[in-house]
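Here chain A shows up in two complexes: once beside chain B, once beside chain C.
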Partner chain A sequence: MSGLTAMARVLAAETGTRQAICTLRHLHVAARPIVLVPITLAGETNAPLAVLVGDDRDRPQLIVTNRPRVREERLRFAERLGAELLLPIANLARRTEVVPTTRRTTTVRRRAVEAPQIWVPNPAGVEFLRLLGRMTRFRSTVGQWAVAPSVPTLGIWATWFAEQSEFADSSVLVATTQALTAMWATGQSDLEDGNLAALMAWIDPPPGTSAADAAARAEDTIAFPPAGPATDPQFDAVVLEPALRDLDAAPDDQVRERVLARLASGLRDQMQPTWDRVWRAIDLLDAVPAAPHVAVRWERDRERFYAFADYLNTIGLPQARQDGAVRGARRLTDLEVRKSTFDAQRAYDDALVMAEYRLSGEAFRGIVVDADADRVVRPSSRRVRRPLITVTTRDPARLAPGDRELRDPQRPTQEAAVIDVESDGAQTRIRLELSGGLGSGTTGPAPSGSVPAVGDVVTYTRLKAGGYTHRGTFPNREDTPWTHGGPPAEYYVPTSHDAAEDWS
Partner chain B sequence: MTSPAADAEAAFQRIIATFTSSAQPGVVVDSPPGAGKSTLVVRSSTQLAADGEPVMVVAQTNSQVDDLVARIARRAPTLRIGRLSRADYVPSPDVQRPNVQVSSDIRKLADCAIIVGTASKWVWVTEGRWPWAIIDEAYQMRSDLLLRIAARFDRILFVGDPGQLDPFSTVETNRWAGVPWDPMQSAVAALLRNNPDTPQERLPVSWRLPPSAAPIVQRAFYPSTTFTAGTVPEERSVHLPVAGVGAAAVDEVINLASETGWGFYELPARNTIRTDAEAVAATAAIAARLLQRGTETVCEESPGGRRLTADRIAIGAAHRDQVAAIARALRAIGGAASQCRVDTANRLQGAEFDMTIVLHPLSGRRDATAFHLESGRLCVLTSRHRHACIVVGRAGIPELLDAHPSVEPVHLKSLLKFPDGWEANQAMLGHLGQHTVPAL
Partner chain C sequence: MLGIDERLAAIRGSSDRKRHNARTLAALTTNPGCARRAILDAAGVHKDKIAARVGHPTEIGKMSKIAVLRGTFFEQQVKAEGGAEMLRLLRAELGLPIEQAHYEDLGAAEVDATDPRSKREQSNESRYQLTRQAMRMTAGSGPDAGTMFASPMLRIAFGGVWVYLEPDLVAFQIGDKFHIVEIKSFPIIDEVADPGKVAGALRQAAVYVIALQNLMEELGRGRDLVSPEVLLVCPKDFTNQPTAAVRNVRKELAVIRRQLERMDQVREILRAVPQEVTFDLAADRQGRPTRSPADLKRALNQIPARYSPDCLSNCEMGRFCRSEARGSTNVLGRTIREDLGGVDSTSMAVALATGRLRPTDDLEETAHLLRTIYTMRADCLQGAS
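== the complex of A and B ==
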């Protein structure tokens, strides 16, 4: 936990109100999000019991596994969930547009006009989708263990969503508790914040109730059933267990129908409050203005969504059980590059996020006290414009002469290098040499606004919020070196063994 | 009984013989702290290059590369040495030698007998294949980096210290836990898991660690190997010409460390923020006092003794904000003390000093996380010194450890690392407990 977040929490506890830790929202909120509230059966890994799913808050679709202990029924559950989810996904994937080309990317690419966005209550909901994907994506649609075609397709999409959510900058699958705690600090612990009911009680208490009282009340699991996927043991003992027993003992279909209806209504009661809370959380977050880079990141999400839908239409094989060596290495680099870009974009967009970096010395804000905007030097055969500015700051900047590639979010194409640093304890004077973003040519004054003027407030940081990042080369899959076990197979093709695999 | 020098020489000959004749394309050499790892790299590269085939040396950081270039160029003044660098690299004076050629393009270094570059620079070399490669600090290198450069070489010698910090990533994922080519593990771990027959050699003598430290470090951090100090107690000693002032604890801990090689400056138990003002002040004060007292060190390199200077003192901490706070405190004291090297464990890896002062990673903490428990962190901090190591910390660390056993999940098929951080911390504290000087 960073210093500012810790302070926001102390303030929240002290004042009894939520404290914003960002001034803007850094998460995309889709116009028509899909909400998915899953619950599972205790005792087995990811055995689905029911979900509430849909994009209409007033008409959630309830899908209940008819006999949760019977494994074939779980595949039928996946089929019914597929019927709900796959149609909107397919519709979105069909509406595409051309990505405008830039100087760097001249190849014509397409992207979806809109991508799906799924909200689950908490990180365990993401894990539910990941495991559901693992259980279903290798199933065969022919042969002895045949399942409906929508089952493996749902598995492939569930895996895609879960894998995307590992990337810091992706908004296609959102864990509600994480989205909320990224925006607001509460006066309670991380563990308590992990409970959606308690978290929402703190962030958005009912009128006339203090946040702490509302959160304390939310600890009652009868009135505030857990957000799942794990169920409340009391619910298991009082409602679920008798219903399952009656289901097994039912003498005929009529009785079974009645028991199922009773079970479905009990399950709905467990999930409805969470469903409402997730929608309320979406409203709260939607009301916060979005940061400028949110749209940029969502465009990339739409591009990746279309690219994967296209892969599914052309090659369509499920994601392998584990990454090969090259794929793993590439993915790790992607994870790291996208996280650092995301962190930088948040800081560029949001003064409160930048304040964290200023506190830790990785950024500083100060006032320009001296500027030589028209300085031209001749380091080699060519004359180049290299303005000098002097900035004074009270931030605890950790800089040394020679540090390069500092940027000011107001002029992201311009780089600054530290010439010297003088500190008298309270105040630091930093002399910077600027390059780039100064127009072309070296005669006459620098273009107006391209160099900070005396009196301007500037912020410099090493964070880099965009542009192209060089990653170097990776070997091709077939050139995987001996140190990493040599070349693996190109795609994982599911076998009959996968189709017969147990669900657990 | 053979002498340490003879043992080390025999190990070197064995390593060269294995590397040049083994059926396996890779050989691993484990090196305890200060066992002459760089010397091994310098000697083996020059010896192989003298036989006529080019040798590629891969290190992890630019300063490691510069250091190796200078040492290789001094040892083999007749060989052409290439320094593979980024385009805007400015060679340090040590690298500017007649037989050293600097370029960012491997093709321009084609007539060099030895080419030295960082692993991240080698990633940009997209074609060509060379017969011999030596990878220095291979335990600091990440598996995905090795994947990207391994195909450039026929045979690779991996040299590194297994007790140091594992490579890290800015992202957290269990996605690859247990997979043999997990890109987050170290290069050596990936190599050994995919090629279990790879020969493993080790260097048997620590030339850096004094006899007072080698057995302690070996027991705490390298329980499954053996190594000895290259010196005997009479060869290393510390003298304090200026006597301590009364019973001041700072002087007392310096006295104790100069006699026994270890000191633990114990502040009263308290939970503090990371930049604990008292601990920071004590750490800085010990460094300043060491210099004020005109400390002299006697060792095999200077049998007549030499004055301890600020550049021979290192101060290590776990976090960058602690480093910044200690550096500020030293600047406030002023004088030579502000020239001491203050750095995090990560950045002190591979470096060597006469005296080290360590702010204990667990001092004042309320909990012991995996980060603070990592055995490599404590190992780096307590094995940089040639004479003595003084640890600063708050009382209550053993109780903190007892309250926080390791709870990291164990994944199927993933390598278990011995010793675990909890155990290593206990072993080290057990030893420091006999060298405690309470503050006040």
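== the complex of A and C ==
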């Protein structure tokens, strides 16, 4: 939490209406998203009970585990879910294009024309997919414990989606509550925002109802069933437990079918409201214009999607239970680097996000009051353009002479260094020396627009939204030192033990 | 002037005392600064009933029947056949060189129908005495007494009464120490478990450690005979097979001890509470409360609360306190007030931010911060539209 978000919350509470915390949407919203609403059996470890899934909001596919306490049925469930998800994924992976590049290179990179995007109601839904992936990806398709080929394939994909969602800049798996709270502040706390029904009530209250009243009503779990995967204890007691008991006691298939139908309809009633809310949330977010970098990041998602589909076709072994030392360290670095690039890109695209950095002194916005655009200096043998500008700002900028590598999002290739800073309490005057992004040559005036003019509004920050970022140096996998367990196997090959693993 | 126990009894009124257990004692550590909670808990008031009466029914602590059943089943499985599974865990998972172990069930209680005390009271007391006796004998028996005690009964003084506690198992001995064993039904998957659930289990185990330490001290054996290392037994991966992990609860011990001592200071808090305050629901013969909600609210208002959103998942009074705290920045999050320069009220924050309210001298700096934030926000939103 920070000052601006806190202010948005307070304003939301006072006005009773949602408050934007971004001016643009920073999440990609796919043209044909897939929504997945899972429900699990209480007390068991990620035992699937049912899902609503599909890319057609009017025709959700309902998959119910026939006997949720039986291991084989859970695997059958995975097979049926695989039938829904794997076909669209495979189709998308087949349509590829060459990644255009300006670099002279002989290797051709490809990416998918479109990648899949799955929406789950909340972070617990992401965890459901992660565990479902862990549970199914090591299964064998031959031998005593053979399962359908779609089961381990679903597991590998579910794991991939869950892994991607850990990265701040990826949009292939979206937790709806997080997508909404990244865009809007409500007049309630994070804890209440974690309940999709209460969050949507605040963001999009029914006509004629105040947001606060709508949200308070949404806390009634009978009228507003939880968004899962955990069920409401009262639902368990009143609907689920009796149905499971009747299922066990059913004397013949006819009775079983009847009980199953009853159970399925009870489960659908629990999931349908969440299904509708997720689609409504997608609409609301889709209606907000996307920030410029959204397309750039989605291109990377499409590349990664294609690369993984390619790996699956060629090597196709499941992800190991745990990362080796080198892979783990790389992954951690990637998480950090991609997060900081994502943060910077958002700030570059969106003045309201940049404002957070201005408030903390990591950026400032001001007006150019003086500019020497054609200044040329000779620090060594070569003459170079080094324009000077003076900016006044009322922001609480924390800068000192000698600070370097500041950038203005309007001219991302140009760097500024602080020459001196004068402050009179209300206002700060900052003199900056600019370099780069000034064309070639040193004679004549600087290319028009390359240097901010007097009266221009500029924003300078240390944030870096693109270009090369150092990602650390790590040994190759085969050079992993003994202190870190020595070189791990290149791939994890599932054993017969994995195939027989209990799921009870 | 009434003694502390009489005052707490008066606050509780005619209803029975809510029985605490390790989980509720451990939960006391989550909002230690809240006087309302401290009093209600020390007095053993049924907070769920109070909350329902004032129009804020709660579902806290209500577990799914299906989940409870599985938890019980798992615990029975671990303890089955004289702790055979438990012994295997101690050997295989923890590599302990234990040849064999006795398994002693301390769950049997003697109840005398002619005794004026309630059956539960008698049972608790008799089981506690049994545990005490077993511990005394074992603690003095030398190094080769490998014993597992199932369903022992311990106790801890809280709010002027004994709270009886039932750890799942006490294992003696690993390196000459007693160890608390806590059996939980959440899984450890690929050696990782849900951190929130682990934290809860460890806090609970720490309460048992303290109770057992107290018992050892009473027996003249010294607290350090009880190890701060507890054994957590959970289902492994997706199976029903148990696996075990050792965790040190030294930190939790310190926190809970401090909190239990603090409850001794309930006396201090009570000084500020008017004598006539009671949460008696004045139940009729059918057990229906007859006390008017408005009157009950007035009583609640006499003891200050310290609401934060976490209360919603930790305390039955959470929703009531939230409605009472409406208009306060605390309702929006733990850090909101700090982020906005320490302003308590949302309307004041907005009034200062928009310049509608002229700040007093001590608020000048805060008002400047709020105005800066507000202006930045307004400019950015205007620029975007």
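Following the convention adopted for this analysis, the second predicted complex is superposed on the first by the 498 of 504 C-alpha atoms of A that agree within 3 Å, B and C clash if a C-alpha of one lies under 4 Å from a C-alpha of the other, contacts with A are read in each partner's own complex, and residues count from 1 in each chain.
Throughout what follows, contacts are C-beta pairs under 8 Å (C-beta built on N, C-alpha and C of every residue); 3 or more make two chains touch, one makes a residue touch a chain.
In this text, all values refer to a predicted model and were calculated from it rather than measured experimentally.
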item: Winner by number of chain A residues touched, once chain B and chain C are compared; value: C
item: Which of chain B and chain C A:485 touches, first, second, both or neither; value: first
item: Contacts of A:440 with chain B and chain C, given as first, second, both or neither; value: neither
item: Chain B versus chain C as contact partner of A:448, first or second or both or neither; value: neither
item: Touched partner set for A:335, first chain B, second chain C, both or neither; value: first
item: Touched partner set for A:41, first chain B, second chain C, both or neither; value: second
item: Contacts of A:398 with chain B and chain C, given as first, second, both or neither; value: first
item: Touching partner for A:501 - first (chain B), second (chain C), both, neither; value: second
item: Partner chain in contact with A:2 - chain B first, chain C second, else both or neither; value: second
item: Chain B versus chain C as contact partner of A:474, first or second or both or neither; value: first
item: Residues of chain A contacting chain B in one complex and chain C in the other; value: 322, 396
item: Interface residues, chain C side, partner chain A - complex; value: 59, 62-71, 185, 187, 189-190, 235, 237-241, 309-310, 312-313, 319, 327, 329, 331-333, 335-336, 339-340, 346-347, 349-350, 353, 369-370, 372-374, 376-377, 379-381, 383-384
item: Touching residues on chain A, where the partner in the complex is chain B; value: 166, 168, 322-326, 328-329, 331-333, 335-336, 339-340, 360-361, 396, 398, 472-475, 479-485
item: Residues of chain A that touch chain C when the two form their complex; value: 1-11, 13-14, 20, 23-24, 41-46, 131, 134-135, 187-192, 219, 221, 231, 233, 236-237, 240-241, 244, 321-322, 351-352, 354-355, 358-359, 394, 396, 501-504
item: Complex interface listing, chain B residues touching chain A; value: 25-26, 120, 123-124, 126, 143-144, 146-148, 150-151, 156, 169-171, 173, 175-176, 179-184, 187, 190-191, 194-195, 320-321, 324
